[in-house]
Amino acid sequence: MSEQVRITVWNEYRHEQNNPKVAAVYPEGIHAAIAAPLREQGFEVRTATLDEPEHGLTEEVLAATDVLIWWGHMAHGDVRDEIVDRVQQRVLEGMGLVVLHSGHFSKIFKRLMGTSCDLKWRESDDRELLWVVAPEHPIAAGLDQFITIEHEEMYGEHFDVPPPEALVFISWFSGGEVFRSGCCYTRGAGKIFYFRPGHETLPTYHHADVQRVIANAARWAAPTTKLLRVFGNTPAHVKQG
Amino acid sequence: MSEQVRITVWNEYRHEQNNPKVAAVYPEGIHAAIAAPLREQGFEVRTATLDEPEHGLTEEVLAATDVLIWWGHMAHGDVRDEIVDRVQQRVLEGMGLVVLHSGHFSKIFKRLMGTSCDLKWRESDDRELLWVVAPEHPIAAGLDQFITIEHEEMYGEHFDVPPPEALVFISWFSGGEVFRSGCCYTRGAGKIFYFRPGHETLPTYHHADVQRVIANAARWAAPTTKLLRVFGNTPAHVKQG
Amino acid sequence: MSEQVRITVWNEYRHEQNNPKVAAVYPEGIHAAIAAPLREQGFEVRTATLDEPEHGLTEEVLAATDVLIWWGHMAHGDVRDEIVDRVQQRVLEGMGLVVLHSGHFSKIFKRLMGTSCDLKWRESDDRELLWVVAPEHPIAAGLDQFITIEHEEMYGEHFDVPPPEALVFISWFSGGEVFRSGCCYTRGAGKIFYFRPGHETLPTYHHADVQRVIANAARWAAPTTKLLRVFGNTPAHVKQG
Amino acid sequence: MSEQVRITVWNEYRHEQNNPKVAAVYPEGIHAAIAAPLREQGFEVRTATLDEPEHGLTEEVLAATDVLIWWGHMAHGDVRDEIVDRVQQRVLEGMGLVVLHSGHFSKIFKRLMGTSCDLKWRESDDRELLWVVAPEHPIAAGLDQFITIEHEEMYGEHFDVPPPEALVFISWFSGGEVFRSGCCYTRGAGKIFYFRPGHETLPTYHHADVQRVIANAARWAAPTTKLLRVFGNTPAHVKQG
């Protein structure tokens, strides 16, 4: 069913080239690790990275993208504003957007949320349990009651985002924190999903359940309709008495 | 794609037998008029009516139903409470429910909403325009900016339901009223959609856009996942320090 | 400011009379422990219990109640349906309702939610941290980032309630669970707040922060307006062309 | 009760100086017409306009503002980005924001919404009825079932904003359109209310019900709590086992 959904996985792709620890976990980049299992499920997947021309996000690429997946961390400021404008415009027109982990601080996510998107964090030895709080939601399809990640960076509340329209996951951390880890939004005609896990030094994107959530989210965020949004000056729709 | 969704269309089926004006519009019953276009789209459709044993809603029928569509009006009180219990239980387990028009006062809808579900109404010569306010929503797929119904009964605010989790349509009536005409809810694992139009003396269910909305709603309300909801006493999920 | 808010604290009041362990913590009943700090803040407070005539919830009492606080556990089934009808009617008319802890399984809460209100639980030695996830919400006014309760019964997800309209608290438990512990709803003209803590054998209602939340919730749930809800047959509001 | 709420009414204040028709309706500016009835109710009110230094929105003014009311139309582009940054920051910290009518296209509103905020419009001879769909909401306090405005500019759906967290008003227009005219949002610790009416050539801000809504909205949007939002690196809140 999902073969017609066209995904672009965008990755900053700097940590992998600068930090051997990250390269050891993701030798071909985080984008490659995310893309591979999506391809196996029949999605049409391309990747794009920061240092390509136009960050790999040309008008042509975006026009041919149903769902954009976003991972960034150390170089949010290097993303050019005109590319952010372009991505935002495509989201409003209906392209889905899945923002991962440290992408909470990306320009595009902050732009679409209108808030600081700030949070608490700790690089430590936390265990994370992601509890499903909306078991009926398509993004939770096929999961057990919770996902266990043995080692992850902690993100804690308060998470400065608008109240999510649907909340799918809440994380429990062994250090005592909780986090709204799966948050759904609508902006214009576009569906947005924020998903928390994915620290660059840890093998989170090799975790089968994490891969499943990303695939579910891509299906959910893909546009379901040819949109008809009409704005501007208009004559009356009925004759006024 | 939708052939695997199994729909049961439930109809009170009294007006059609008592009122020649209704029978003229729906000679085989409102349920038949709703079922036919769904079958054409590949849904597996059965019908059930009030005066059948167990109102046609046996355990077996409900177990084999993904989405239940409900039309009732003059005999809400004749629906037995144990059948309402059974339907509610199935909704909580994941069966979708599409409630039409005067079904706002059905026992099952009031049970799931927790409110009076009361509203204003007028049988007159109103024209209704149903404006799409969530064009990205799957229930609006394929529609124009609004649906025109030349003659309909008016339903007006205040509509005493909980704030919908998503609002898809707002109706405009020529007599000066508005109404939240397409309301989405979650109850347990079940998705619920209330859709306003459908007065029994008018050919509303022969309207192509109304048929399209009902089909879209059935697709949307169908369960997307095998549910894993676990309740009750539980040991600790991690070892406590 | 709050002297005009009239609160009725309802308590089942059975554990305290049957279980010396509970009586040791709440010698005059849980209702008395909840009522006292509210009175100190200037609320007008009365109490009512299950074994009084009409469970202490006569028409007169409810008519003079702005906010009803509800604690029940072992005797939900003893609450008579006609009293539940009466309380529901008053909530729809605008009375606030604050449901505490095991009240999640009360008839009135299930009636207003439309779901099973089921959850996971464990009587153990859990520590609970209630994190504020909506720091701007009036119910969180004056709190620190989280509330610490050294010993509490665990309640875990999945909590089978409709998605809250606002989520104020998420609990972390040392045994590995999370819970949506502060949930806001509207039903009719009434505001409803569910607040998780309060196991009968533990001194939770003597905790200053818990008392603060209950007072904040009472202020928030109190009706702010004389309501004008008009239903039924109506002439056109404008002349139809 | 409201004397401690400090309001700043911001107005572009260009139409009034360029267009005699507008000056005839609002001889001292739209800001003065909005401010006067608020002062009568005991709010502490100042005004600020586009052509003042820093648009009248200095750090000092904003620090002393609990709720900012915003009217703009023809000169949105003249509002400097650094002032928009400053206002956004204050909203996230807890300042309320009430955006009126054509302010839907202001930089600050688009910034906080993340969408185009586009809509349909018509300057014609429409009658507008604003129906209360959330009669229990504090912003609707004291109103009848609907507000009648004999002549107004039409705004029609689709209104490209995120789904409101609470929807208080829906407008009916005689030309056949509907509009979500009273929309509540949270961004950071700030509460935001968008209210539709107020075309510059019409005496809408002299309408008693419109004045009442603006006063109610200011009360609702005022911060209720000293905020404690803590972000950044943090040690574990409990000892990890």
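When the chains are written out, they are named A, B, C and D in that same order, and each has its own residue count from 1.
Quick note on the criterion: a residue touches a chain if its C-beta (ideal position, glycine included) is under 8 Å from a C-beta of that chain, and two chains touch if they have at least 3 such contacts.
Just so it is clear, the model here is predicted, and its values are computed rather than measured.
Student: From chain B, which chain is the farthest off, judged by mean CA positions?
Tutor: Centre of mass proxy via C-alpha means gives D as farthest from chain B.
Student: Where the CA atoms of chain A average out and where those of chain B average out, how many Å apart are those spots?
Tutor: The separation of the two C-alpha centroids amounts to 33 Å.
Student: Approximately how many whole Å separate the CA-defined centres of chain B and chain D?
Tutor: The separation of the two C-alpha centroids amounts to 36 Å.
Student: Could you say which residues in chain B touch two or more other chains, in rising order?
Tutor: In chain B, the residues touching two or more other chains are 129, 134-135, 145, 156, 158, 163, 165-166, 174, 176-177, 186, 188, 229-230, 237-238, 240-241.
Student: Which of line, ring, star, complete and other names the graph you get from chains that touch?
Tutor: Here the contact pattern is complete, since every chain touches every other one.
Student: Show which residues of chain C lie in contact with chain A when the two form their complex.
Tutor: Against chain A, chain C makes touches at 129, 131-135, 145, 156-159, 163, 166-167, 170-173, 176-178, 180, 238-241.
Student: Using the touch definition up top, name the residues of chain B that touch chain A in the complex.
Tutor: 1, 94, 127, 129, 134-136, 138, 140-146, 165-166, 174, 186, 188-191, 223-230, 237-238
Student: Under the stated contact criterion, what part of chain D meets chain A in this complex?
Tutor: 88, 92, 111-116, 118-122, 124-126, 154, 156, 158, 160, 162-163, 165, 174-177, 185-188, 229-238, 240-241
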